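Below you'll find the structures, each written out as structure tokens.
Each of the next two complexes has chain A plus one more chain, namely chain B in the first and chain C in the second.
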Partner chain A sequence: MIKLIVDDKEIKTEAGNSLLQACLENGIFIPNLCFIKTRQHPHASCRLCFVEIDGLDRPVTACTEKVREGLVVKTDTPTVRRLQRTAFKLLMSGHPCEAKVCPVKGSCQLIRIAKHLKVGLNPKPLEYIDREVEEEVDLTFFTYYPYRCVLCGKCVYVCREKNGHNLLTFAQRGFDTVIGFFGSAEPVDLPCHGCLACATICPTGALIPKPELIKEAKMNP
Partner chain B sequence: MALYNDGVGMAPSDLDHEEWEMIQDIKVLLPGFEKHRGNLIPILQSIQEKHSYLASTAMEMVATHLSITPSEVFGVATFYNQFRFHPPGKHQIKVCLGTACHVAGGDIILENFERKLGIKDGETTPDREYSVERVACVGCCALAPVAVVDENVQGHMQPSKVEGLFVQFQIEREREEREKAEREASE
Partner chain C sequence: MSKLELRERFASIQRESERRNEEKNKESIPTIFIVMSTCGLASGATETKQAFEEALSEKSIKARIVPVGCLGHCYAEPLVIIDHPTAGFPPICYYQINADRARILVRSYLEGGDPVLKYVLGAMEENDLIPAVMDFPRFSLEQRLVMEHCGHIDPNDIYQYVAKGGYSGLVKALEAEPEEVIDLVEKSGLRGRGGAGFPTGRKWRIARATEIDDKFVICNGDEGDPGAYMDRTILESNPHQLLEGLAICAYAVGANRSIAYVRAEYPLAVKALQKAIKSAEELSLLGPSILGTSFNFEVSVFQGSGAFVCGEETALIQSIEGKRGMPQHRPPFPVEKGLWGRPTVVNNVKTLSSVPSIILRGPEWFRTIGTEHSPGTAIFSVVGNVKHPGLVEIAMGTSLRTLIFDVCGGIPKKKEFKAVQIGGPSGGCLPSSFLDTPIDFDSLTQAGAMMGSGGMVVMDEDSCMVDVSRYFLDFTQKESCGKCTFCRIGTNHLLNILDRITKGEGREKDLELLETLSKDIKDGSLCGLGKTAPNPVLTSLKYFREEYEAHINEKRCPALKCRTLIAYYIDLEKCARGCEVCVGCCPVDAIFTTKGRKKAIDQELCVKCGECRSVCPPEYDAVFKVSPPELAPIIERPPEEKKESKKSAV
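After this line comes the complex of A and B, so read on.
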């Protein structure tokens, strides 16, 4: 076991854990969207899990930092908060939040992060960018809402882990990036069997399962 | 069982002739590449070099060869600007959106072409007459905004010039048709 100090509190964790995982397991919330504990090489793409470590001159992402004995970490310094708020506002500038009609409002990770950072769910003072994406895409067992997707990549990762190959992938680039199944196969011929690992892990409600189809598939495997 | 269409057992009449040719070609080409995912881009490049675009059947055959999903091939191919998914049109229109052209309103010119033809950049009209694409700097920024239409550089583009180009194409087409009719009549 390794001991470290986070926000003046001593916590213990197994060697080899990432700093982010150690904090989350000890009840210290650090905003994050793309982190998956089993992933060997963290994406570090959401840029939300910044912390300051004593002895380092600039903030680092907690998901890429391995725990070391005697680390002294601060998760809520003004520098960290500024970075996190900016990253969060950038995300929200491409994610129109309609909390009233959103199917995941109760468990939305974005709402949790906004509360933690004490900011609103709008992109202010940044502008809102209207991405040229489809309203919804039918992916057989679930529906994909590109405008809600923050492209954290968790679904792409769990899909590969669960099925051994990439059924879900990213396509296009920049603001046009979407995820999905591609190819000319009819939806029923797709090798997706509706394990829903992707929809379960989605932090923003971009992948919503179709309950009626899943029930049917379970009855006639 | 093949989940995806690999073009086997399909008569040429079922497919577009061009696509059929592409498939025959890929059948010859694929065995020359080792079944390694690192070969994906080189394979796609050599297909496009010969056929100037990638049909979705082609990408599915490549996926089968490399034992990866068509989804993955599509994901990689769409990431890179160098790959196109529609055959080029008879008249190729390239609109510059480099810095100087962007500042001078190149996006408006692109939109003009797109609206006029009813297609998006990277696409081809159903009659294969026109294709529109965006490029980044053709090297004559002093003429911004610039469009390159069939190798001819058109400087200081304006919406009215876009209209003018199509009138010219129309006249050309009518003349060709007239000459063809006259030739047939004299024979």
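After this line comes the complex of A and C, so read on.
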């Protein structure tokens, strides 16, 4: 076991763990969207899990830092919060929150992060940007809502883990990046078996399983 | 295998190279060197070559035509060097030789013995008859180390490279222990020429020290900065020098496989490199047991498919592995865990091309060039508002002023220098107060720009700095891979804000927002692209803030560049009665005749293309550009005219 100090509190964790995992295991919340603890090489794309470590001159992402004995970590310095809030606002500027109709409003990671960072769900002072993406993409077992997607890439990773190869991946580039689906011309014909790993792990309700399928899954657990 | 045998095998290659050289010299016929790299071809070198061939055969003159790589003098393309040994002149360099001029040269010089002075750029050697090119600052102030042989040898002929001392560095390296080679490179102080300036020797030592035997060496030739073409020129003009550097690097770090990652948009470079690999393999300078030693080394070419971000080393590796070119978090650095999980040294084309001469001439010699912390030379492709644009290789530590005003001839059309953008889209814009900054890694970074891989854009007084920032942000924003939040969305916000400022819709708080957002993007982004993308905004805000403020507060573009904020008008005092030149060229029929039979512009119809201004005869010079647009005097259309234009619009 390795001992380290986070926000003046000593915590213990197993060697080899990432700093982010160590904190989460010990009940210290650090905002994150793209982190998967079993993932060998962290994706590090959401840029929310910044922390400051004694001895380093700038904040680092906690998911990419391995724990070391005696590490002294701060999770809520002004610099950390500044970066986290900017990253969050940037995400929200392309994710107009529609709490009334949102199917995952209770479990939405973004809401949890907003509360933690003590910011609203709007992007102020930034403006909303129209992402010019499709309203929804109909797939056999679920529907993809591109404008809710924060491109954390978790679905891409779990699909590969579960099926050995990706049925979905990043498509387009830059600001136009979306999740694209492999297989065939018609998304409905995708050779997907409905394991729903992707929809289950989606933190923002961009991948919503179809109700009949959930029912079926409940009947044959 | 002894050192003696290695030397003997290489000596036989050198002898063959000498023999070929002598054979050529025996028949003393003229040699015509034509620059046929991408830039030469673009300006018509193919037609020039064809014209030479036709004219020579018409007149039954025996001469050799040798296609060579680029000399770097883009302003003078197509460049031709004629060595006419029996004419009594030294080899002469001719500029802008199109097909017609080629025929004239054959007739007058090769047939008649008159060197046609009006097309001469200079003689290649000192002499009493024709001024030598070395008398011009564009030649004499340069110090060519990496590009020493570019434009002087046929890139497709390995023996010509060997004749210039090529592959001797590799032989010398093979005679030494790998550690000794690394020592030499470390002592030379060579720093990565890709932009960041990491010490090359240190990188090699880390790779050498890793316990995994299967290692890779990658040559990064994914040059993507707008207006930069140093790597392309080197690959096209002297690919063997790069291959030699690659082999030395592989020997030093203990790798047997290498990939040269070259943009697919550089077909000529790819071809030249592939050809070079083949001919080096034929002479056992590459491939299994090089020159009989136990060192095996194979090189393959990988063509990148056009993503700017693949110049970032981790994205480049992903791309070779067949994945989407997205940068990965470092550490692990590629040198620990790179291509297919193996230790991988990624070096830039210019870095690797510097290596052979370091090994051959020694680190002490290398350190005599450049500055203490940035030894060697820097290669820039200087473009924009300079008289003599092109590739320039200068010693590190040379000032920006010398480079722009002495080497490249300064700003044309008697305009004022305004700014220089160094380091491509991730670099910064420096104003005239920084002209005395020495060009080296540390000074440029300190000034807020960066060395980058060598793109340099010079701008004159007509450039609007807000517009320039907008241009670069538009580029980086499009080229972001879309992985991390700051770069994907942040650069889009920056672009939107800059866009509205150039359109006169800027808001009071925009500058503050630009600054804080830029800073956060720099600190928060995952890879080098995002970390440097806001640099053009931050530097131009720092050095040209008043220009931003003029756009926002006065809706005025001081450089008269941003279309929404300018207007054209015709000065009735200056306009000549009856002159109709501007009327015909206006694409939207916005110019009408006033009561006094002079011309005026209908501001509502005008699209501000500026055509009228450029065609107005210089003796009248009656068209003016102003900002803000309200400054343009309003001139009413005569009533009957108005009706007519309405009719035609319908």
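What we mean here is this: the second predicted complex is superposed on the first by the 204 of 221 C-alpha atoms of A that agree within 3 Å, B and C clash if a C-alpha of one lies under 4 Å from a C-alpha of the other, contacts with A are read in each partner's own complex, and residues count from 1 in each chain.
Quick note on the criterion: contacts are C-beta pairs under 8 Å (C-beta built on N, C-alpha and C of every residue); 3 or more make two chains touch, one makes a residue touch a chain.
What you see is a predicted model, and the numbers here were worked out from it, not measured in a lab.
In the overlay built on the shared chain, the residue A:F170 is in contact with chain B and with chain C. Contacts of A:S107 after superposition on the shared chain: neither chain B nor chain C is touched. Of the two partner chains placed by the overlay, only chain B lies in contact with A:P191; chain C stays clear of it.
With both structures placed on the common chain, the touch criterion links A:H41 to chain C but leaves chain B unconnected. Comparing chain B with chain C, more residues of chain A are touched by C. Touch criterion not met for A:T200: it reaches neither chain B nor chain C. Shared-chain residue A:F181: touches chain B; no touch with chain C. Shared contact residues of chain A, touching chain B in one structure and chain C in the other: 169-170, 172-173. Listing the residues of chain C that touch chain A in their complex gives 307, 324, 326, 328-329, 477-486, 488-493, 496, 509, 513, 516-517, 520, 523-526.
Against chain B, the residues of chain A that register as touching in their complex are 165-173, 180-185, 189, 191. Chain contact summary for the complex, chain B toward chain A: residues 3-5, 56-57, 59-60, 63, 68-75, 78-79.
Contact residues of chain A toward chain C in the complex are 41-48, 50, 58-59, 61, 64, 82-83, 86-87, 90-91, 93-94, 125-127, 129, 150-151, 153, 169-170, 172-177.
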